[in-house]
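Heads up, the next two complexes both have chain A, just with different partners, chain B and then chain C.
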Partner chain A sequence: MGNEVVIQHSCPKCKHVTTPKGKALTLSLTCEKCGVYYCVHTNANDQFLTKFIPALAIRSRGKIKGVLYEVMGFAVKREKKYEYQWREYFLFNPNVGIAFLSEYDGNWNFLKPYSKHPLFVSYTATPTIEKGKFQLYAKYHAEVLYASGEFFTDIIGSNESSTHYEHICPPYILNFEESNSQLGAYLGEYISPALVATGFNLDKKNLPPKKGLGYTQPHSFSVDESLLLTISVVTLLAAFFLQWILNETAINKKVFESHFVQADLNGQKMFTTSSFQLEGDQKNVVIKVKAPLSNDWFFAEYSLINDATDQEYIFTNEFEYYNGTEEGEAWSEGSNMGDAFLSSIPKGKYHINIYPEFSTSNHEFTISIFRDTPFYSNFFVLCFLLCLFPAAFYGYRYYREQKRWEDSEYSTYE
Partner chain B sequence: MDRLRGLKWYLVLVILGLSFYSYSQIIGWRWIWSTKTEPPSKEEQLRNRNYYHK
Partner chain C sequence: MQIYCPICGRGYAQKLKDTWLVVCDTCHHLVKGSGLEPDQLMMPDDWSNIQVGTTGLYKSQNFTIMGRIRLQMKNDFRNLWCAQYGQEIMWIGQSLESIGFFKPPFAPYPHNFDQIRAGVNIEFSEQIKLKCELVEKCIEIRYEGELSPFPFPMGNFNLIQASNAAGNTVLVFHQNENSIQFLWGEVMLVYGVTFNNTKTWSQWETK
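Presenting the complex of A and B:
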């Protein structure tokens, strides 16, 4: 204890003596009495015009990622071109080293020095490290608007001459500072305001209110994209294969066909078909009706009746066909054929009662009945439904990424 | 299993969807554009039987 050297610095303006917590590591500090910022070796000093209150008090202690840090210094910085401001808290733990908490619009990043930054070797807009491939988000020059506490560098001198590169790969951020005299690199990660508040034993309400999506903030909902893509593709292929198998195994059999003429009604209102057999357990039945229409319509009510159980299925069908020429050009509309698709009709012997409504010009029609006809609509509905979640996920992600990058000059989103 | 985080329910829905689709195809149930059928009214029932058994 007796050999410990006490380091003290005297304010160049008011001569107030400060004992820095960082001891010999402290290279710049602000006077506790008059607030002047000064460098311990050069005595270069600055008086700030505006005072800012830090959300994390100088000298307060908090645990971030399991390490207890002390807030050594606080700085408010401003980007020179667009003039947006952010706040930085300089943290120190004697056993672990330095770290920073950076806050902008209530969104926080926790940064530590990183010696393996690819920009130490050569410039690349997309540096790749073990955390992933990073993309350039911002390149700027900053100025210090305010500082308090103590720092291990001359934060005003180093910031004034530095070019800052910020690359992101959410939730990570790579910072690189380059000046004529020094290089600095930091690797950071988004940290939620709640974790900052918990770490420093503060009420979250005392932190700056969070606005919008932080530029390194991870999405609230994320999935393994390659797995999502794999599941979607495999499922679509499985659906396609099932459709093919079911098409191949469908009976698709014409079970009845007959031609009817109005004159055969003999004053009755309906035709009755002869009985026909519907095979399989539950399968679809397709009734196709044809009539030689020309500028005419055909309507009929049908009653499919099970001979054994008298179970009835009543449905109607109408079709029309119009044609002509207008200004020398032929036109047509509609069809002289209509069909009805009946789902899940049990097997058995059936007949159909047909109640036709003839027009004045058409007096005949032909009916064909098919059992277990292949159909595709369910397949397309299934494909649509299967694509909903991946489409919604990628749409949501695109929207959020667009938001994330909207303040960046290097955004690839429109 | 961590890769499945957030995708388990999707996988379950996919399996259920494929099963339901297969079942529907097998029983010939078209989900959309199926012709609407109605059970007959008593009057229609009587009318159909009378005609048929004439």
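Presenting the complex of A and C:
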């Protein structure tokens, strides 16, 4: 090609001449000497009241997602209604186009123009693209508090005349800008401060300190929800099936029953049952005790003893039953039955020593002994544990989502 | 037909069937055409990797870029590349991120133009509605290479671009109520099109 046209711009205030790195694409810039912001094709210019120092230096280069970008411009913007501020770095590589790094409270998003934003077609509160279904997080007007470097648009004019829509589907963000003269859209993704620091060869300590959960930041651990639900449901079904098998195969055989009267103690402290046979290895034994109580209690200590080995299993049981009439209405409390559950008792011949404590009104009880009865406690514990992880996961996620949305006026969280 | 630059004497073989303008690549003087300001013949570099002489393939047919009209707006730009497309002319509209191929020639705009602004829908037919995404005044126009006729050479027009999800796009050039022309075409991402004989920016390569 022929001799190249060199593009230069003169500062409207100090007349300092700048050769823009963006060449003809640069439509606004700040004077390197006096800091005045001016547009190259209009007379618009502005002097900022406050100076901000960018974390990524203008004209420094860094790699994001494997692409080398140069920092062309830096802007500090403020939302007009709630007045929160964030910082934007305008990046460029002529081989791949423009991009932005946006930073708020030390949390970063990397954005690129996105021509398939559903709002280009029609308005929807929940735009859906290949990355997922997005929710409106913010709708705002912004103003530019500070700018330095070069820009391919009049960032002050275009920002202040535009309505901005921010939709999120973490870790993604969809931005849409609408003014009377232009529509623009960007698709972004959360990027960790460490990746920004690495990309620009900076110490992470030189980046703004991270505060809280970034509004597009993914959760620190993620679980495949459908897999979690599938595993939980399948395991619960398996537990139900196993419990059903155990119930169906339980013998539930009464191996002993006898009635005891206090008068038969004859001054002794205990009754001794006759021996009974427990079949089947390592099965449970349930001891059921019944007494004709009325406003009374019954307590006894028991010792199940293997006749051959003298192996002893000691347990106690107490129950009470009260009843009466109050203001014409009958009431009752407790039971005149109690039971004790012993698991994994080896087979063999056993007897029980019973050490009863009788009250003044009750003087008798009946004891029944069952071998290999169906029981549910393990099943309920298993169900509880199976539900515990999903419940904890969804609870944690709800809490984190609530935190994520706490700055949004479009939050659906209480 | 061979023509020569009146200033530097460089020779040019006209290739388009309806050449309206030829700008000398060496001295930026008009080789063919008239009425333009000298500044309008100085094409600024805008990092575009497409250039005069770039070739490509569109709908299974080769094209060759012959010239460029650069439209500068306050907040945007469009490069309108004039391409030889078989025996026809094709305009290629390029922005930072998208590229549009406009095969039918400039034509008078046949639809209502009232209250056009970004965000409104333009109804081209019952089936085709386009959303207006750019309405900006052209504040500077530059030329290079060999070009087919362009209806508003001095650039005093508003440029409107509207598109839809199906990839239809229209560029409307609005000078006044009686002078509105448009180009009809197809828009796609610039990175999805393969061009040959392009400029490369080796200092930006990452490998």
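Basically, the second predicted complex is superposed on the first by the 407 of 414 C-alpha atoms of A that agree within 3 Å, B and C clash if a C-alpha of one lies under 4 Å from a C-alpha of the other, contacts with A are read in each partner's own complex, and residues count from 1 in each chain.
Here is the rule we go by: contacts are C-beta pairs under 8 Å (C-beta built on N, C-alpha and C of every residue); 3 or more make two chains touch, one makes a residue touch a chain.
All values reported here derive from a predicted model rather than from experimental measurement.
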Should A:E83 be classified as contacting the first partner (chain B), the second (chain C), both, or neither? neither
Partner chain(s) touched by A:V223 [first = chain B, second = chain C, both, neither]: first
Which superposed partner A:L242 touches (first chain B, second chain C, both, neither): first
Report for A:F341: first if it touches chain B alone, second if chain C alone, otherwise both or neither. first
Could you look at A:I98 and tell me whether it touches chain B, chain C, both or neither (first, second, both, neither)? second
After superposition on the shared chain, which partner residues are touched by A:E414: those of chain B (first), chain C (second), both, or neither? neither
Should A:F375 be classified as contacting the first partner (chain B), the second (chain C), both, or neither? first
So in the superposed three-chain picture, is A:N353 touching just chain B, just chain C, both, or none of them (first/second/both/neither)? first
For chain C, which residues are in contact with chain A within the complex? 24-28, 42-47, 49, 51-52, 70, 72, 74-77, 96-98, 117-119, 131-136, 139-140, 163-165, 189-191, 200-201, 204-206
Within the complex, which stretch of chain B touches chain A? 3-7, 10-11, 13-14, 17-18, 21-22, 24-40, 44-45, 48-49, 51-52
Which residues, counting only chain A, touch chain C once they are in their complex? 1-5, 7, 22-25, 27, 39, 41-42, 63, 66-68, 70, 93-98, 113, 115-116, 120-121, 152-154, 157-158, 178-183
Within the complex, chain B is touched by chain A residues 221-224, 227-228, 231, 235, 238-239, 242-243, 246, 268, 270, 272, 281-285, 303-305, 310, 312-315, 317, 340-345, 351, 353, 372, 375, 377-379, 381-382, 385-386, 389
